[in-house]
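Each structure below appears as structure tokens.
Next come two complexes, and both contain subunit A; in the first it sits with subunit B, in the second with subunit C.
Our next item is the complex of A and B:
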């Protein structure tokens, strides 16, 4: 992981610096003399060469720090440690809705292939993938907040605040899980071992649960892992619509203002999360499918 | 996963879901929407309006503005100005305390002002105070303190200017000139912004980044106390979400998003609860006056003539603004308005042919904001009908700003909002040749006579004197047309029926939150 991180810091640092725009122009707002701009650049260390700036950043990282935001002067680490748990709660909640429901509907759809239930579920899942969250989010808000008055429309807080953004965020993942589950279950159903199980006289429910679903889970878990990894890096649109204080909005604001320490901090944390989630998915594969070995030589 | 692990997993999930919850409304508190998190609440670093709105509730300066934009006493109860307008002596009120209960004295002002000008600091607001004698030397690290800032005794502050500057008192109403307690800044250092301590009518008690800020009334405020118990600022980035929050009664005041304006104005329930205020701002299209083709005033005028600005204002904005005749907003102009440039497509076509503008693509830079893009496309259409080729280039804010500061664009769309209510604020930064680029003069307009007139206005000993110079400067600027002057926008807010004495102010620093009540 260490060489990967070193590579990531180098690539992200160069990309960030290559962006057009200058954070100092944002800091001084609408009027400032060239001397003041130079002075602030010097304070930020932006007058040094990019190589020296990178060296400075790596030294900072080695001390376990992410620096302070150019604009708010707050510690990036402290900000991320507030926003990451929020993002995590949103991601967990969205997955808690999407995963069971998606697998269930996909399974139903596959079992009823070609029938009305399958057609309806397929149609809904296609629209779930196609509808952008800023539209579905606003509709859900109008329904549950304005009309029914069940849930608050925005804010960061407890479960009441969480439900709407989580539901909104879960929709695209829910839809793709339905589709993946349907396809893989249809594949597995035709396998010889399912026929064998039937011939052994097992109940249909037992076959579905133990033989079909378990064997169909690998691609499903891959999709869950990918979606979850991206949720953990923040969901800008959902967070913006519902005023949720997560990593996505934080990173986006950093990018818009060219707040380099914030951008770097978010990218770094994001990378670590993504790698960890993928690692976790690999470990889960091993438990679900004994053919997948953590050590290739073990046989 | 073993079956026994599942319940534990779900318990963990539930724990995450239910962790920390926040209450809804706070009794006696005004709930106001902000669309962004204030960047900082440290007066040395505030450059955004959102920060300024909140800082006005937490801090005070020597003087402040009243609703009619006149300078009135704040922490200084009176002041004397020397006949040559270079020495300002302020007599402080006694018994004014910071919210840590310490009395404000003259040395606090010296400390606070020098903090802005600190050679080791990175305050972008040095321009507010750099007119004071000795500020330059101090900024460059050549002096141990600013010679022109003196605490004569505990209750007298004397500020000496290097040369007369007619809007100087206006500068002192700004965020950067608020007074801060040295001991608190010393204690908090870089984190003063998160724990601001001032003399204002409110105290910050909670700041959940990107979520909300809570202000409580300061009982020891020197003047009459606020009627509200406090103010809750909720950060709601999305306009439509804010409208839903408002309709549910979770917000008491919102500014009306353009898309919802007509609905509220035509609603019997809401139309009487709309407040409006002509804003002190000017929206304009700027030309790069430093290179062809727009170094020719005739070419700039041709573009100006080709656009029907009043029509755009009437249709696209449903007249939520006033047409601009020149750069100075109508509220600040103490002289007759210049003759606005008419809309005349035929005359424009003729001038375009004469100047050879046709046939070459003109780059029009705009920010990637839907409203701005709409306006840019309307302008593009007008100009193409007059025979020009216009290429729109959208950039997001940081890249856009760097591009126009560096003079990449032939034409660009931007606005200017008052820092303080003096015509000088709409002339010196925007048209004086010393401010090319990031100083504010992004058109790189250069005219020695205009420079001289603006400087004369700054040095004038009285308001009529400065107005005379500014009037002449504005006349020349309108004739030479470095901008196409579009409009001054009007702000609209909507309040709940139970909010009383609510007012909308032309400049955020005026609003100390003292009058509004339930």
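Our next item is the complex of A and C:
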């Protein structure tokens, strides 16, 4: 985790250094005197060596300092901490839709391998990973908000506002969960312990639930963790379309105005959330699968 | 190969060829503004209607297809080449080189891909080369990891040992014996990845980080026209359908190749 954090901050630092334009000019008003510019440059440490600048950057990050927006002059960290809970709410809502439905459909698909149900579910899951979220979001909005007028088209708020963006965001994750569940269930079905269970006369439902699904769920949990990245990726587009006041829309506004501290702040925070979720998944793994504990040292 | 894979290949090639010869099919310039025919619904004059500047949607879609498909395919090929080189180096050399290359791969994969692509796109002037750079910079890492895995399992195989016993140099073993073994895996990955790149390119264009206006791309058409979705849905429906169809075809092609070559990704 620590080397990874060092690497991630190094990448965001390099991207920040590579940004066009001098950050000092972004902070001072027009027609500032050369002395003021020089003073700010000293404060930023722009006259020191790159290594010292990186050290300064990491120190600032450790204090929770991501710089100030070029346009509003508000602290990026303060803005992000306001918008972060909204994005998490959206991501969890999307996960609540994607995980159960994805596992269920993947299971049905595997149990009916080669039949019509499997073909239809497979085709839908390929479509799910191929349709861009900003388009499926617009279509859902057109249908449910603008034509049928069931739900509000945009805004941040309760469940009525949450439903459409969460559904949109869940589609790609849902589709890839279906694919992974299908493959792992097909693998587990062939295992000798399933044959044993069948041989000792267990009911087909009992085999499915206790033996197959329980074992198939283990890789699926990893994918649920990895899909968190796709929620963060998709959040930029989905939140923009539905006017959901989260990190994604904040990043989008930063992109339009070329507000670099905002963009880099969102990239860094998004990545830290992503690796934290995956670390959490690894820990959960450790508890639910005794094989990982035994083989952990070999990996 | 499965029927779905063949149909997909035909669809992709057809869309691309049509986009190359689009001036012969559509008598309209994709960027020509026509104030007499603003936001016209689909008709025989304009099969997919016109946008809010009177530009023909079909002409713009075909023009955008040329850009989107070229970017996705070129970026896939470049990512594979980088991924194969890094994976081969890492898997075959082992030791410290392996540790360093894999550390970089892990680092790239620890970013949410689209966010990193955005971070890279904003530091360069927007355009198709920036998009390609962003796609490759993010996309090569998973290739490298898969190829490394393949090399590690092949390295101990009898035919490699035989080649070495016959006195082949390391370079010859890699070029003549290892790389051909990795081609099926690379093809499968390329198909699936091109589908992902179509979506990422469209997403970046949607955010204004792709080819700049007035150049038409599928993503930027949706972005520019989305305010008209209620009154003139065709302006958003057709470009989105093209993105979805192309991405579905690349994914089906990848899946079909996966079954044909029997590889796991």
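Keep in mind that, in the parts below, the second predicted complex is superposed on the first by the 229 of 299 C-alpha atoms of A that agree within 3 Å, B and C clash if a C-alpha of one lies under 4 Å from a C-alpha of the other, contacts with A are read in each partner's own complex, and residues count from 1 in each chain.
Convention: contacts are C-beta pairs under 8 Å (C-beta built on N, C-alpha and C of every residue); 3 or more make two chains touch, one makes a residue touch a chain.
Everything numeric in this text was worked out from a predicted model, so none of it was measured.
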*asked:* Under the stated touch criterion, which partner chain does A:61 make contact with: subunit B (first), subunit C (second), both, or neither?
replied: neither
*Between subunit B and subunit C, more extensive residue contact with subunit A*: B
*asked:* For A:280 in the superposed arrangement: first (subunit B), second (subunit C), both or neither?
replied: neither
*Given the touch rule stated above, what does A:260 touch, subunit B (first), subunit C (second), both, or neither?*
second
_Tell me the contact category for A:229 with respect to subunit B and subunit C: first, second, both or neither._
second
_In the overlaid three-chain picture, which partner chain does A:270 touch, first (subunit B) or second (subunit C), both, or neither?_
second
*Please work out whether A:8 is in contact with subunit B alone, subunit C alone, both, or neither, and reply first, second, both or neither.*
second
*Can A:131 be said to touch subunit B (first), subunit C (second), both, or neither?*
second
*asked:* Touch test for A:155: subunit B only (first), subunit C only (second), both, or neither?
replied: first
*subunit B versus subunit C as contact partner of A:251, first or second or both or neither*: second
*Mind sorting out which residues of subunit A both subunit B and subunit C touch, each in its own complex?*
19-20, 138, 141-142, 146, 240-241, 256, 258
*asked:* So in the complex, the part of subunit A that touches subunit B is made up of which residues?
replied: 19-23, 25-37, 39-40, 43-44, 68, 71-74, 79, 82-83, 85, 88-89, 92-93, 96, 138, 141-142, 145-146, 149, 152-162, 240-243, 245, 249-250, 253, 256-258, 284, 287
*Spell out the part of subunit C that touches subunit A in their complex, as residue ranges.*
103, 106-107, 110-116, 118-120, 122-123, 125, 195, 199, 202-203, 206-209, 219, 222-223, 226, 229-230, 233, 236-237, 240, 243-244, 247-248, 250-252, 255
*Touching subunit C in the complex: which residues of subunit A?*
3-4, 7-8, 11-12, 15, 18-20, 126-127, 129-132, 134-135, 138-139, 141-142, 146-147, 229-230, 232-234, 236-237, 240-241, 251-252, 255-256, 258, 260, 263-264, 266-267, 270-271, 274-275
*Complex contacts: residues of subunit B adjacent to subunit A*: 1, 13, 16-22, 24, 37, 39-40, 42, 45, 47-48, 120-122, 124, 126-127, 139, 190-191, 193-194, 208-212, 234-238, 240-241, 244-245, 247-248, 250, 395-403, 405, 416, 419, 429, 435, 437-440
